[in-house]
Amino acid sequence: MSITIPILILAIPLFMFIFLGLCGKKMSHLLAGTLGTLGMGTVLVLAYSTAFNYFFSGDPLFINEAGERLQYIVFNQTWLQFTENLTISLGFFLDPISAMMLVVITTISFMVHLYSLGYMRDHHGVFEKGFQRFYAFLSLFSFSMLGLVVATNIFQMYIFWELVGASSYLLIGFYYTKPSAVSASKKAFIVTRFADLGFLIGILVLSYYTGTFNFTDLTSAPVAGLENVYQVSLSTPESVLSIFQGSAAPMFMGASVLTWALVLIFMGGMGKSAMMPLHIWLPDAMEGPTPVSALIHAATMVVAGVYLVARLFPLYLMENSALVIITVVGALTAFYAAMVACAQIDIKRVLAFSTISQIAFMMVSLGVARPEYHEGLGYMASMFHLFTHAMFKALLFLGAGALIHAIGSNDYTAMHGLRKYMPITHWTFLIGCLAIAGIIPFSGFFSKDEILSACGNYSTLVYIWMSLVAFLTAFYMFRLYYLIFWWKEHKVHEGHHAPHDQPWTMSLPLIILAAVSVVAGFIPFGKLVSWNGEPYDFMAHFDWGVASISLILAVVAIALATVMYRKENPLPDKMQAALPALWKWCHHRFYWDELYMFITHKIIFNCICRPLAWFDRHIIDGTMDSFAILTNKASEAIRPLQSGQVQMYVWIYAIGAILLGGITILCLI
Amino acid sequence: MEISAIYFLVPSLIMFCCGLYGFITRRNMIAMLISLELMLNSVDMNFVIFNRFLFPGQMEGMMFTLFAIAIAAAETALAIAIIINVFRSVNHVDVRELNEMKF
Amino acid sequence: MDYSQFLIMKQEIALLVVFLLVFLYDTFMPRSAQKGLPVCTSVLMLLLTVAGCLDCCLCSTDNQVAFGGMYETSAIISAIKNILNIGVVIVLIQSIKWANGEFMIMRRGEFYELLLVTLFGMYLMISARHFLVFVIGLECASLPLAAMVAFDKNRYESHEAAVKYILTAVFSSAIFMMGLSFVYGVAGSLYFANIYTAIYASPSVMLVMAVAFVIAGIGFKLSLVPFHLWTADVYQGAPTSVTSYLSVISKGATAFAFLVVMAQVFGSLYTIVWEWMLYALIILTITIGNLFAIRQRNMKRFLAFSSISQAGYIMLGIIAYNTLGVAAMMFYILVYIFSNLGAFGVIGAIENACGKVSMDDYRGLYKTNPRLAFTMMLAMFSLAGIPPFAGFFSKFFIFTGALEGGSVAIYVLVLIALINTIVSLYYYLLVVKAMFISEEECVILPFKSACSERLGMWIALFGIIFLGLLSPVYSTLIDMASVSQFGMYFLN
Amino acid sequence: MFENILIYFVVIPLVMLGLLALCRDIKQIRAVAVVGSLGLIALSVYLLVDYLGLRAAGNEAPMLYTGSWVWFEPLNIHLAVGVDGISIAMLLLSSIIVFAGSFASWEIKQPKEFFLWLILLSTGVFGFFISIDMFTMFMFYEVALIPMYLLIGVWGSGRKNYSAMKLTLMLMGGSAFLMLGLIGIYYHSAPEGGQLTWNLLEIVDNASIPHGWQSFLFPMTFVGFGVLGAMFPFHTWSPDGHASAPTAVSMLHAGVLMKLGGYGCFRVAIYTMPQAAHELSWIFLILTGISVVYGAFCACVKTDLKYINAYSSVSHCGLVLFAILMLNETAMTGAIMQMLSHGLMTALFFALIGMIYGRTHTREITEMGGMMQIMPYLSVCYVIAGMASLGLPGLSGFVAEMTIFVGSFKAGMADYLAGAGSLRLVFTLIACCSIVITAVYILRVVGKLLFGPVHDDHHRQLTDASWWERLSTVTLIVCVAGIGCFPNFFNTLINFTFKPAIFSVLGMN
């Protein structure tokens, strides 16, 4: 396979970033936007061709005679050599999930590029300030995210992991004159940085023991006769296995070092994927422009954590405890986020919590995947959900963007009853809601259903728990839907235009994504992506019982939402009054932000930083200064010695001479 | 009976100490000079005593004493000249008043 | 009697000739020609110096002894005399303006004569191998200085300084001679060589006291703490030319004489007796000198205390008690002469021009008189031991010398000395700060210093910059030191 | 002597000094400064290329371009020069920063004196990096220190007198210990009866410093250089000094001079006394480990831009010393890269702060805000510098920090597994935490200073960077990004000759 296309996939966004960043100011807004979009379009084509090539060409590099998909390192360039073995390379890794991610990222990114051409201007068609910068950052993000998914080694992943974090920072803080955006971007960066610390230490531990960063060395076995081609082996390679298993397995504080490493790496994933308790940055990140939320904080970057776990899945399989932790964290987060989503009034916040909840679904799904249960259905389901979720969540966000663009506010109380004014938005949004609620035949139904059956296989408790979350999902999505589009008639204020549908650049992505959300469920995903490359017969494992139960739950939830929110009625207020504490906690997101505020500001800032700074100025520096002061004091103290009296001089002289001799004599004796 | 050196040395030492004491306590510079003379003379005596009692076969100590006397004379002359100068300038010879420069 | 042994004293004799010429000029030249006396003296002295240096470099002098062992000369001794000569030439050049001043008309001859006599005394002190000669040299070197200190008849400070100087000087010579009498009592001779053999490594109470008194007596001239108290007052009170002479020439000569006495007389008592005395004195000298210097506002007084602490560093060369130490000490003296005279040159020029000697008056000097300020700064840097100026090299070498084969105690001593260099850097930088950083209007207006003053400063600057960088100077000193008479006295 | 290329690193600044002294107006002064510093860059680039060529041709001597000319024969003091990859990296760094610094002080008052001192300072720096004789090394070291006093005192701002004095005295205090240590090394540089030497290579070859003496001399030299490397608790000169120094001086000082400390620690203290380094490293590991987080924490609450950066330098330079003490090839490589990286990015920082300060006349972040709207160019550069500082991949900080962490973790784990205590491991983990704290204070500054609404309406009239300021910053940014994007080049450069040295260190263990 030629390496030109993969290189171009990475190089074009990077080039666009540099080009737009340096020269953007010199060109017109439209030109910059068009260039960015065209660039992304090219990448889209290239990525699709690569993915198509990978999945369907039947090239022996990609698939073996048994029909198992292989991993192929297209190129791998040494970037930084630490020691003989430990080397960071930058490369391009092609396997089912990276190919799938290529598709997801380029699709959503292109949609967002296109969408932003319309979104990033006001009603008079004047482009926003910093429009070129926006496209430059979008390109940077696309580059980083693509680099992340095609990473050949864990350190490359870390590098791009940091880069997506930085571009997310820049994009969240795009409206840098708004203090809330600035602090949100800061929060996002610092929280994920904290998580990355865990990731880094995890990498260090893992690489210390295994002596490698390469994914292929960690999780796969080389395929004989073909260079750079590997096959995932669920039984981890001997080289790795021998290090971590057996009686001599290194332990640290009661757990094996592998568990430590994997949990720490998962911590990085928790930060990026906004798992509790590191989720607090994601709702705030909605301060960024809405297309950014769609791209970064719904579809691509936030699933990096899931992707990371999936990438290292064979290692995780070795340590049951790590997977249990993932399951527990995921399950708690999913429920928590769903609860909170029910009580938010900012539509983007609702979507943000819904994202957290859905990503938690994927995490749980990975956590429950075991060979013994339907041959790893959970893994496949997780990836499938990742794919479908990216589509419908991007759709929902872009729809929300269209609404916000039209209304000028994030608050749904300013919307109500918009269905007549914005029909395209209405219908596409409804499709998105149906998809996420899991209504057959929309894509969410298939992926979520598989996750639930994977949970059911693993443990009934998890299954019931996650079904409950699914129920809540359907409820809060339709609550949102009704509150935006129904509830009561929209009032058009004097002197304002009536809200209307958006230009084609914004509508087109909505329609495309809606279409994808409808049909994506029918993609034979199992044939393409599975944990060991073997084609996975999805229908063989389909559990109609689970499917019908979840469908019923979703319908009930939608019905409930319809009753409560379709028309203006006192029911919601009554419910709120009936459970005031619950509503309050949910509305305030269980006070996580306040807790963090307390820890960072009251404890770290006030109890560590300030005292340290004081200590530095007064104790350390004070000591240094006191040397000088003491010297001066001493100088002052011995002043009387030089009294100006010659007799005094002579007296000291004589005493000195006698003492000099006397003491020496005493010492000699 | 030979009188041992110690009978000469002790007075010499006492003389030295007297000189020292006088030098430190007297305010009049002339008196201080006299005290200094005492000290120098005690040194001279020492030389003579040592020469006479310990090393009677040579004259080094005696010679040294002669030179020392000359030097003492020169010193005194110079000192007196300077004291006179001071007297002309400030009209007294009280050494304790001469403490303009200090610290 | 073999008169040829007078030839061994050729340096002293040459100096005497210069003295006589100056004396004759002063006495017999008509009044109108009297103004030429300072220049004439300087030229004569310069000739003497050049001749001496050529002699020193070209003819390798062996150790020679004259007058029954009372007088000794060697390459290193003539070298130190030449070093002193160089210093004297600079002092003389710098004092031309002052000596031609209104006030000095009648008495400038005396100034030069007295100065040359003290120099002669120092020569004697250095070459003496008998305590009688040594004492004569010492007195010769210190008594006329009292007259020189009192030279400024109109200034009260000059009198006060002279009184303090003469009284302390006589007192210290009494103490010194007391010590000598003890030495004589123990050893029965005043010849250095005889004493050395007589007291070989057997200290008695009297001997220890003798050593202490001798150190006190010489320490007075070197202004080692606690025998230093006269220094500041005298430096402040004396005319600037005299102060500069006192601070460098007198100190340098005495330091070398001190080494001679300690090595050739008390060498065998090094480890048991005087190493520790000196150890304590060095710490005291450096520290107390520095502590006093911090607060001084009068430049001359400030340099007095700085010179006290510099004396402490010079003593490191003696406590090292090895060839490297001797060479380093001589190098230090040489560099110190240039650095200190550079500083005194500036002080003198400013004092002659507008009578200011306070550090506060120096504020903003760079704006009005940049060259003077620059010279002063380099001198300060050199004194503080900042490379690439000569002071750095001399400090480094003296520490290197002190540490050769050093015990831990010596390392501690050097560490204390090094920490003291920070304090000294502080006060030297205070001067630099006043001149360069202070933003006040300078009270010293721009002026053009006299030709002679500038020449003096140029010479000093030349030395400050190049003495360290040009290695032959130090190498020659080391060569001389390694073949010198000291070699046999050193332990290693 | 003049056939040796290295000599020109000292000759060029000296010629510049001479020319500057002759200059009459500011244009000539600028011309001299720019041409001279360009010459230095050209020289160091040529040296780099030539050096790599020689290495590629199989030259495996520990130092290349060695030359040695007797200076003080009796003490065996030579003017000995020689470079390996580390020195070349440092020379390159220095010349770049001198270049950028000249542009950053384009409109300084009293330019003649300023540049005289600045070039004297760089003479010292270059001399230090080319020397392999301890005496000349020390001499150049002190030459580099003292001009700081005047540069800060005359051209500085704020409490400049206090800061200048404090900085000078503390650094000279360090060099007091250093001098003792160096002379001590000299006296044990050869086995009994051998010819004593100041030459580092010979000292390493002789490896004759007795064990007991090593334990005494190692702390002396390490502390001596460590003061300049801002090691806790001797770092307090740095915040005050940097806060008061003029732009170019802050750049040169934080960018190059503080590297002298790290370089010296490695080249003298560890290189010559590996045993003591191994045994005593724990003391300094604790101190430097504290520096790393302590500096970062302190930076979090400061509101003066220069103070923030100074504390950040404390943290980053602490990391350099920390990594050196790991006595591990990877970590040491990382230390050198961190020196380069920190040098460039901190110079960039100080340049930018100077430029902002020159316009707003305040450095309090509480009194500024929204600079991005007023001076977008400078603000973008500031963000880039900040990103480099918090270790964004693609910029230099990341590469250096990761190399250090990988290396130290390896050393720490090796110790831990060998039952040699978990000190290294624990402090590695603590040091790792600095990446989070760094992010906190960098983003805090960026958020307050650059983003948000404009704080002071008077600031709206301010102009963005002029061409010389752009040139200065672009140079640095290109270098920062260059290292960040192509780290392996530097890695190879350093590694090439690093190996023998490190083996000699580790061989002792």
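Labels for the chains are A, B, C and D, by order of writing; each one numbers its residues from 1.
Quick note on the criterion: a residue touches a chain if its C-beta (ideal position, glycine included) is under 8 Å from a C-beta of that chain, and two chains touch if they have at least 3 such contacts.
Just so we're clear, the structure is a prediction, and the values are computed from it rather than from any experiment.
Pairs A-C and A-D differ in how many C-beta pairs touch across them, and the larger number is found at A-D. Among the other chains, the CA centroid farthest from that of subunit C is the one of A. Between the Cα centres of subunit A and subunit C there is a gap of 77 Å.
In this assembly, the C-alpha centroid of subunit A lies 37 Å from the C-alpha centroid of subunit D. Between subunit B and subunit D the centroid-to-centroid distance comes to 65 Å (mean Cα coordinates, whole Å). A straight line joining the Cα centres of subunit B and subunit C is 27 Å long. Each of residues 169 in subunit D touches at least two other chains. For subunit C, the set of residues touching two or more other chains reads 163-164, 167, 171, 232-233, 295, 426.
Residue positions of subunit A with contacts to 2 or more other chains are 628, 639, 642, 644, 646, 650, 654. Pairwise chain contacts present here: A-B, A-C, A-D, B-C, C-D [touch as defined]. The touching residues of subunit D, counted against subunit C in their complex, run 70-75, 77, 135, 138-140, 142-143, 146, 149-150, 153-154, 160-161, 164-165, 168-169, 172-173, 176-177, 179-180, 183-184, 186-187, 216.
Touching subunit C in their complex are the following residues of subunit B: 16, 19, 23, 29, 32-33, 36, 39-40, 42-43, 46-47, 50-51, 54-55, 58, 60-61, 63-64, 67-68, 71, 74-75, 78-79, 81-83, 85-86, 89-90, 95, 98-103. Put simply, subunit C touches subunit B in their complex at residues 131-132, 135-136, 139, 143, 146-147, 150, 153, 156-157, 159-164, 166-167, 169-171, 173-174, 177-178, 180-182, 184-185, 188-190, 232-233, 236-237, 295, 301.
Within the complex formed with subunit B, the subunit A residues making contact are 639, 642-647, 650-651, 654. On subunit C, the positions that touch subunit D within their shared complex are 324, 327, 381, 386-388, 392, 396-397, 399-400, 403-406, 411, 414-415, 418-419, 421-422, 425-426, 429, 432-433, 436-437, 471, 474-475, 478-479.
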